[in-house]
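Several structures are given next for inspection.
In the two assemblies presented below, chain A is common to both, partnered first by chain B and then by chain C.
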Partner chain A sequence: MTIGRLVTVVIGLGAAGGIVPSLRAQGTPEQLLAQAITMLGATEPERAVELLRQLVGDLPATAASSVRRDAQLRLATASWSLGLLDSATVHFQDAARADAFFQPDPDAFNPEEVMAFRAARRAVVAVGVRPPGDTLLDARTGRWPVAVAVSQPGQVQLRLAGLDTAHLAARTVILVVDSTATVSVPVMGADSAPIAPGTYRLVVAYSAPGGTVSDSTVSVDVAPTTPDSLAHEAPPPDSLFRLEFRLEPRSGNALLRSIGVGVGAAAIPLLFGDRRLRTWDTQSRALFVGVAVSVTGLATYIFGRPRRLLPDNIDYNRALRSAWEERDRSIAATNAARRATPMLRIRVVQKP
Partner chain B sequence: MRAAAWVAALSIGIATGARAQTPRNLLRLGVEAYDVAAYETALPLLTAGMNPAAGPRDSLWVAGLHRLAHILLQSGHDSLAAVWLRWALRQKPDVAVDTLNFPPTVGNAFALAQGVTSGGQRDTVTETLWEWPASPSGRLRPGAIRVERSGVPLSAFVEGVGMLTPGEPRALPYGTYRVLMSAPGHARVWIEREVLPGVTTVVRLRLWGPVAGGYLYVASAPWGRVYLDHQFVGYTPLAAYPMAAGTHQLRIERLGYTPFDTTVAVQRDQRLRVGTIPLKAGAGSP
Partner chain C sequence: MLGAGLWPVVARAQDGRPIEFSVAAIAGSARSRALVADTAEVVGGWWLGGAVGVTAGRLSASLTGFRGTLAPIAHTPFARDAGQIEARVGFEPLPWLGVEASYTARAFSSSSGFQHWTLLGAGVRLSGPVGDSAVHVYLAASYLPLVRASVQASGEHGFRAEAGVSANLARWTIALNYHFERYDFAGGASARLEEFDWFGLHVAYHIPWRRKA
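The block that comes next holds the complex of A and B.
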């Protein structure tokens, strides 16, 4: 071995051993992807391809599938632009495997890229599932909706299996999927009894003319739960109610009557009282009573306007109140029924 | 009576010695069989005789083509007739259509095929050959396509099918296919080729050697069609596209966006990176 070759080997070993900063030290996968996108924007696809190849090679198994997919897509489009059609096809296939749901947006990907992706997707056997993150189901009749995407028309089997054991926890659903479908997975066993609480794997087996593939990366936590009760409705606001009476206008007769009664109350003792008993004191009292009666009458005139009831409005308000009471009773009945129904809460604890 | 005797003799002759016949003779026999209305007999003879490697594309070949198209159209195989006509018109674009001896359906089929084949630019980048079956093949037997590398890494992609492995034939149903061929350092090229029943279409890329110039890198947001000196060369992003040294007109256009026009000057061995051109929304040409 010549000295030159020896130096090359040493440098190579040094790089492999960590003298050169590892890719992980340069940033998170998302940051590296952003760097590569910047390079592509600067029309430096060779550098971007180099970085992206390292990125997809170093991506941990736990990396988000969207990052893996985007990195593979960027790598594929960069390779395609460089005329490396074989490499591009391989990366498009990897992107389809990373996310079987992905379909390129014709506005974002040029027609050649769209065409190449579709051809690559057809050539691989890939399956993807997207269960809802948190679902509440009737334990007796509920069905868990799971979105499924396949790269080729084929048969898909879905079942919930125990995390530790391979025993079947729930009924298996088998269906033929052309591209995407939403599958309703029953949450009950073969004996129609609800599945026991615990952690389960969603096992997906997909067989297509191009081969078979299985996936069990989704784990779910199944727990019995009390369903959320419906909130009682607030009573209708006052603004919705109509006036039930109307104030009538004041009448001059009422004013005269009240003053007259006061005058009468003062005048009667003065006019018809025993003069012998009359003193200044008794006169002033009579006058005081008369004034008091008049003032009372006046106050009644001012503050005590006559009211007229409005039967239509009263009926309307009564109907409004009854409707609310009816709804409230219905909510109460629904809540009672819900409390009596066994429910299961299915939460995804590990996504694909 | 005489025709029936001729057909019987012809059929016996074919059965015993078709393999020994040259394609040229098969073509002649096919024309004669057609002329006595022995269409079932004529069809395999004509398809075998159309092999361009067997002889010139002369009046006999054109006569055979007309008869082949007529038989296929009459038997309801319009799409197969269209494929044969497109293939033939790529070999001989100046075929004079015989409208006197053949019904209008044949003339219409020729016109449609001419409409498809006459639009494209003359292909100077690829060379195409056909490997004909040794014996007359069935009407609907699948054909194949094969690309051959010319000493450089070559990749080829068939639209709607996928990648082709250079040197390996890919069986395909008959039809017209768009093939993208690319070799690093050389311009990529889209070509249209027919796959005929039982025939292997062989495409060779004529590489025009290392370009005495530089390479263009351009991207746009959103993607657009790239024209160099008024010729469509691909979509953005375009990378390492070989260009002759000198000044070139670059145009990027997309429907709904204002076209971007500029002049680029590239020197020998230069990698000209134009960057990402933001296309402005507006009334763009298609």
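The block that comes next holds the complex of A and C.
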């Protein structure tokens, strides 16, 4: 190659790089996927296939599995429509690997594509896990629910493994899964002690007749935590309580009663005391109390009103208050139990 | 045995009724008059006391204690240190009627000697509201079939009368009352007669207690 031809090639490549924008420059993977779907809708399958091939080839490792799955599915259906059946099968298999949970919707795919996808899925060895994003568990007895999907019936092993040796691995769960299952992963070690706080990987090992595959892309952060306490319920509003008494009209008998008792108090020494021990000192004390009783009765007759209690309403109010107090005690007991229970918070920090 | 026999009746009467405890402070002015050989010896002074009580529906019980010094007023040169403990149980078969029983131990100490009194009483109490339902007046009378005093070879009997007014203000009760007691001792011409009375202000605080359903 002469220097002149080399310069020409370099200039040509540079010009091509400037004229054809890179895939990254065209938008996010989600935007590209949307463009491809639009092209498929506009019956431009060739352009859509070209774009989707570019997309699946350039997808970063950190891309969401749903985007990868959808891109492969669209590529498979586009290839299918162009009669590229082998290529479509390969893309269906890649879609199954990207998301082992996926099952095609018969309303969105034609029956032949559905059958082709199912056959492709059965042909690959793929496993998928879906852990809850943020979970609070009893550190002593709690189990972490993880959804598992497999492409073929096989044996699945799950365990939480520490990223360093300071964090011991939790117990391993082994079970046979036909298609999908929810696995309760223990959060305690082999010695039944809660696992230490730290970062763990969810290690998944899957053995099927077609082969084995392992996955440890899920990382979780395990931290001790204090659970939220339940809020105490506000006491019943005053409007819910019933009137406990009714004011009655003034009674002359009450006035007579107070005057009678006052006179009786003053007369006690006269009636029951011995004449030889009777003095003004003794009499004055009784008289003082008698006058006080009568004056109090007179004052309450003028300024007060007798009240008639309403027992049914009192019982109703007492029941209302007791029920609230009972609920409050129950909440307090629940909060005390929660505070006494060691809890672990498991948060997914990296998803598959 | 009587208590055991009555207990089922009382327990039925108590069913579902609230229980209330109370503590009280009492300040009173007391007089003791003794007629001995036609001479009336009189001592008197202030005494202070406290009480704890429990009311369960119609049933009530209380324990009251007093302490004070009674100074000589007439025909005696001796001041007396006085103290009293009284236990009382009561039952209200009707809202306005109560029956009660009491045991009282009273002691006087002076430079001339020591007296110990033991009293057992049973009586009735009539009470009712006046004007305002929070204000009650009451009259009570008790017969004291057992009066034992260390000053006499044999006690005969006694009588007690009370009257007062009380006002309930939320959990507080303020009461003013007058107590009068008379003791007659056998002895013919040398018969001894004593009277003891006091009036006082009584302030109590009530603490409700609800049983779990």
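A few points about this structure:
One rule holds for everything that comes next: the second predicted complex is superposed on the first by the 257 of 352 C-alpha atoms of A that agree within 3 Å, B and C clash if a C-alpha of one lies under 4 Å from a C-alpha of the other, contacts with A are read in each partner's own complex, and residues count from 1 in each chain.
Note that a residue touches a chain if its C-beta (ideal position, glycine included) is under 8 Å from a C-beta of that chain, and two chains touch if they have at least 3 such contacts.
Keep in mind it's a predicted model, so treat the numbers as computed, not measured.
In the superposed pair of complexes, A:T77 makes contact with chain B only, with no contact to chain C.
Of the two partner chains placed by the overlay, only chain B lies in contact with A:A116; chain C stays clear of it. Applying the stated contact rule after C-alpha superposition, one finds that A:P269 touches chain C and leaves chain B untouched. In the superposed model, A:A108 lies in contact with chain B only, and not with chain C.
For chain A, the partner that touches more of its residues is C, with chain B and chain C as the two candidates.
By the touch criterion defined above, A:A286 reaches chain C but does not reach chain B. In the superposed model, A:E44 makes contact with chain B only, not with chain C. The part of chain A that touches chain B in the complex is made up of residues 40-46, 77-78, 81-86, 89, 107-113, 115-116, 119-120, 122-123. On the chain C side of its complex with chain A, the touching residues are 29, 31, 33, 35, 38, 40, 42, 44, 73, 128-135, 137-139, 159, 161, 163-165, 167, 176-178, 180, 182, 193, 195, 197, 199, 210, 213. Residue ranges of chain B in contact with chain A, taken from their complex: 155-157, 159-163, 180, 182-184, 186, 188, 217-219, 222-223, 234-240, 273-276. Remark: chain A residues 245, 250, 254-255, 257-258, 261-262, 264-265, 268-269, 271-274, 276-277, 279, 281-282, 285-286, 288-290, 292-293, 296-309, 322 touch chain C in the complex.
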